[in-house]
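You will see chain A twice below: alongside chain B first, and alongside chain C after that.
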Partner chain A sequence: MNRLPLVSRNSLIQGTILLVGLVILATLPFYGSIYATILLSTVFMYIVLTLSWAIFSGPTGQISLATAAFFGIGIYVAATLGKQLPLLVVILTGGLAAAAMAWLVGSLTLRLKGVYFTIFTFGLLELMKYLLLWFEVTFTGTRGRFVVVVDHSTIYYTMLTIVVLTLLTAYLLRRSKFGLALQAIGEQEEAAEHIGINVTLLKVSTFAISALFVGAAGAIMATRWTYVDPYIAFNMNYSFTPVLMAIFGGLGQLGGPVLGAVIFAYLEQILITKFPYYYMLLFGIVMVISVVYLPSGLAGLIQQWRSRAMGGKYAHS
Partner chain B sequence: MLVTILDIVIAGLLLGGLYAVIAMGLSLQYGVARVLNIAHGEFIMLGGLTTWALRAAFGINPLWGLVVCGPAAFILGFFLHRTLYKRLMVTSGSPGVFEGNSMLASFGLLFIIQNLALIGWRSDIKGYSYLAFPVNIGGALFGANRLVTLGFALLIGIAFYIFLARTRMGKAIRAAAQDPATAGLMGVNISFVLALCFGLGAAMAACAGMLISMSYPVYTAMGMEYTVIAIIVVVLGGLGSIPGSFIGGFILGLIGSLVTYFDSALALVAYYVIFTFLLLLKPTGLMGK
Partner chain C sequence: MPILEGQGVTKYFGGLAAVSNVDFHVEQGEILGLIGPNGAGKTTLFGLISAAHVPNRGVIKFKGENIAGLKPYQICRRGLARTFQSVKIFPNMPVINNVVLGAHFGSPMSVKSKQAAQEAARLLDFVGLSEMAAEPARDLTLANQKLLEVARALATKPEVLLLDEIMAGLNQTEIAQAMELVTKMRAQGITIVMVEHVMKAIMSICDRIIVLHHGEKIAEGTPQEIVRSETVIKVYLGE
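On to the complex of A and B.
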């Protein structure tokens, strides 16, 4: 019997492809059009939102609708601190503020089972939106504020960095003891607790880590809008879209949420200005079909095809 | 002072009646059929806009909208449960997984219904005037249309309570709410009862939409706000308790009216604060098990 090599040939090839892809993406602003840069920044944003959602909700099975709240926190951090502080600090603050909120909310509510948690995260978004609206109208007397403008390639590189960090985190999480424990919680929480996993701590910290990237993405993407108000910043769609993208793509593999995010981000880009209603209609139809007919998503479907094409040789992998 | 208190209380009851009907519909869908229907508000929107459209096109009395919207929404809801949710129940395996999946499917429905409505009706704010003359109650003035709304809300609530408490089908619904598996063994046609509950929930939403359209403007994006309120009331009354939702609706209406008196921008914030504390301190609600 051969010993398994430390790095298999398969993962070496995958690694090379990833590296080449990364180099192509990293040099894009030099040869690509401005349109491509902007489009890809949006795609990156959706990848971060979707993957962050999947990092927590994938293994635990607890559906969070707080993505938009964390994203909004990032946006508001950029709107309030953007003029005084350097960009990097603003982005870090945005991420940390979102993570702190996730920690707080998580430690309060992650004991809640199933639907209660979803309802709560949904309420959180609305609570923050209306509280901020009330605060702005009552105390500052204005609604909304201006955000510092940053050039396209800076946004692009920042988003690329955040995407890579999110992917890396998601990958490491899946491979680590931490990720396995999280998986165990999702399978059966009580059993996980009995074998000595600190369920609450693990869930809360994963939730906070996933929020970190969303907040950071919010802080940098805010600079694209130039003007934000609570309705723009705390838009419910940023909670719904990642859920659909992840489920459509498939939660079983790392590539699933990325695939879902890329497809829908591109669809949105070409459809939303001309046919906004039809885009959202399509969105809903795909959602229903994915939930009913594609339990393991597009990635699961691809894997099925591949294993069938290989004559079932790798069917178990 | 006394007039002010009376003012707040009556306004709260008027608002609460509406909330009660909306929440009872969701309570049926979630408490019995186990579908946390995020698209609940979209059925409200459909009811409101259909009533408006019938009035605008043919000059039909809004109250007749009840006869059209209620049964139409019932059939739609019944059909949806029979096809979509029943299939999900079969494929999901455990009730916990079904709750998650059915909620996700209702997200999809939300987008489908809302955008179909947007394609048909556009996003502008619509309204009509019906029974808009003031009525004097102990010195406080209220629109007659809002009193009619309260009357219908009470009527729907009481009729439904009698249906649940006195009829055979009502008993079957209560049994299914308690324990669907055992109720099935006792000879209750579970898949029919669940579809019936889902349909009734949709019908209540549509009727509420018709009542809303008599006193408030209607538009295609109005649904989400009411969905949120319905969820809050259902949690307040206790998930699965239909009388709880009815009472919870009036309580939330009174709170809303009280907060609006001091600062109208804070009403929704107050709802969420209550909701947050409720989930943290007593997630079973007022009348939950």
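On to the complex of A and C.
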């Protein structure tokens, strides 16, 4: 058997690009504008939400709309504990609380198939929002909370760290036997069970791990808004946008959701400032076009071009 | 002691008894055939053994231990694998990965990636699919998809293998190949229970046959006994 070299040229080039990119991003606050730091923090946030969503829903095909619920949990953890505890502890707590909720909900509902699971996750989001609202009105007599303020570059670096961790997790999971098993579950769940895969445990733990990053992102992003209430924290846009971004970018590869998140997040900023009235309209048009003409997303399109350029050598890979 | 046995196994779907009070036993190393008209409960019985369904009554023992109530993945890891009547492969994965998954998750011991890949390649060779290892599984012919299911089940290192109509829809040559494969697996020490409608195959390779009708066991014996049994003839051909 021919042994492949341990590191192929392609992955060496990719690794170098990744490293250079990371160094540029890591040093940005020293030479970039504050606006760039804030904009990129938002982009990072969307990357984390989209990638986390794709970690679970990509291979299994079970569409979750609970992202905003996990994000909101992170936000409220920061709002309640932010003043008493150090930032790192708050972020970790936010992540763990979201993961715990995902574990609980997952073990109750991941048996549900198809659209029922999706509806349940959306219901969870609404339930948490109104439960919190009711709690605040009835017991604390307030609405919303102030969040401790953190400076822009701390937010930036924390988000960058979470992005790197999410990417790393997604990458390692995809390469592992568990990534393959998740794909098997998505393609033929019954067969997956009968060849020895503990389907429930694998699904629930993947769901929880993906929620961990979302919760952590919520905890740090909350510090930027100074004031949050249940409507802000549990905003359903944070459930839908990641799904759109992931589909736009393409679910076939790891780069797809990242690409989708970066482009959409940037587009959102531009559209919101330049065309505040047509923003949602333009957003919708882009979405419709991409679903109709790019079924495997931007990443799929890029791969098509590349394989055509290489003479169709990798046409089916 | 039989390697696999059932006592009074019963399963209702709504008010209908799909499997009713069936006793069976499978001896180590034999090939047991399970036949009966459509709707007789053969596939349901397989489902009960492999924990796809939970029996309403009765006991199913594997190597002397009651396995009713276990999850399908636990049954598989204990050494009881199955294939499906309606093919259930992972269509968008390369053929080899279908088998690699079985090698990774089917046995209680953890397997290194390299070992799993080697084992999968060996099994594809064993069932004759080596040349298609890199193709997406959906591109295989029906006969080959069934062989792939066998390879995937073998990757989980079963002691007992349940084959659910692996010959249905195959042509004469493919049936002959499938029969040879079954005997080859038995020669390796795997006990086989097979549901089949292809009588020629059942009669020539099974050591023993159980006949189900309307969920009940109506006959049991060697192929010669079954061919001569009047109850069986009545069920298949009418009065």
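We adopt the following convention: the second predicted complex is superposed on the first by the 309 of 317 C-alpha atoms of A that agree within 3 Å, B and C clash if a C-alpha of one lies under 4 Å from a C-alpha of the other, contacts with A are read in each partner's own complex, and residues count from 1 in each chain.
Keep this in mind: a contact is a pair of C-beta atoms (placed from the backbone, for glycine too) under 8 Å apart; a residue touches a chain by one contact, two chains touch by 3 or more.
Please read these numbers as outputs of a predicted model, since none were measured by experiment.
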Quick check for you: in the superposed arrangement, does A:Val291 touch first (chain B), second (chain C), both or neither? first
Check your understanding: Just chain B (first), just chain C (second), both, or neither: which does A:Val115 touch?
Key -> first
Chosen between chain B and chain C, the partner touching more chain A residues is B
On the A-aligned overlay, A:Phe146 touches which partner chain: chain B = first, chain C = second, or both, or neither? neither
Let me test your reading of the model: by the given contact rule, A:Trp134 touches which partner, first (chain B), second (chain C), both or neither?
first
Next item on the list: Based on the superposed arrangement, let me know which partner A:Glu126 touches: chain B (first), chain C (second), both, or neither?
Entry: first
Task = Have a look at where A:Trp305 lands relative to chain B and chain C in the superposition and call it first, second, both or neither.
result = neither
A:Ala184 contacts which: chain B (first), chain C (second), both, neither? second
Chain B partner, complex, touching residues on chain A are 61, 63, 108-109, 112, 114-116, 118-120, 122-124, 126-127, 130-131, 133-134, 137-138, 236, 240, 243-244, 247, 277-278, 280-281, 283-289, 291-292, 295
The chain B residues in contact with chain A across the complex are 36, 84, 87-88, 91, 96-97, 99-101, 103-105, 107-116, 118-119, 224, 228, 231-232, 235, 263, 265-266, 268-269, 272-273, 275-276, 279-280, 283
Counting only contacts in the complex, chain A reaches chain C at residues 177, 180-181, 183-184, 187-188, 190-199, 316
In the complex, chain C touches chain A at residues 50, 52, 71-73, 76-77, 81-82, 84, 88-93, 97, 100-102, 104-107, 113, 116, 136, 152-153, 155-156
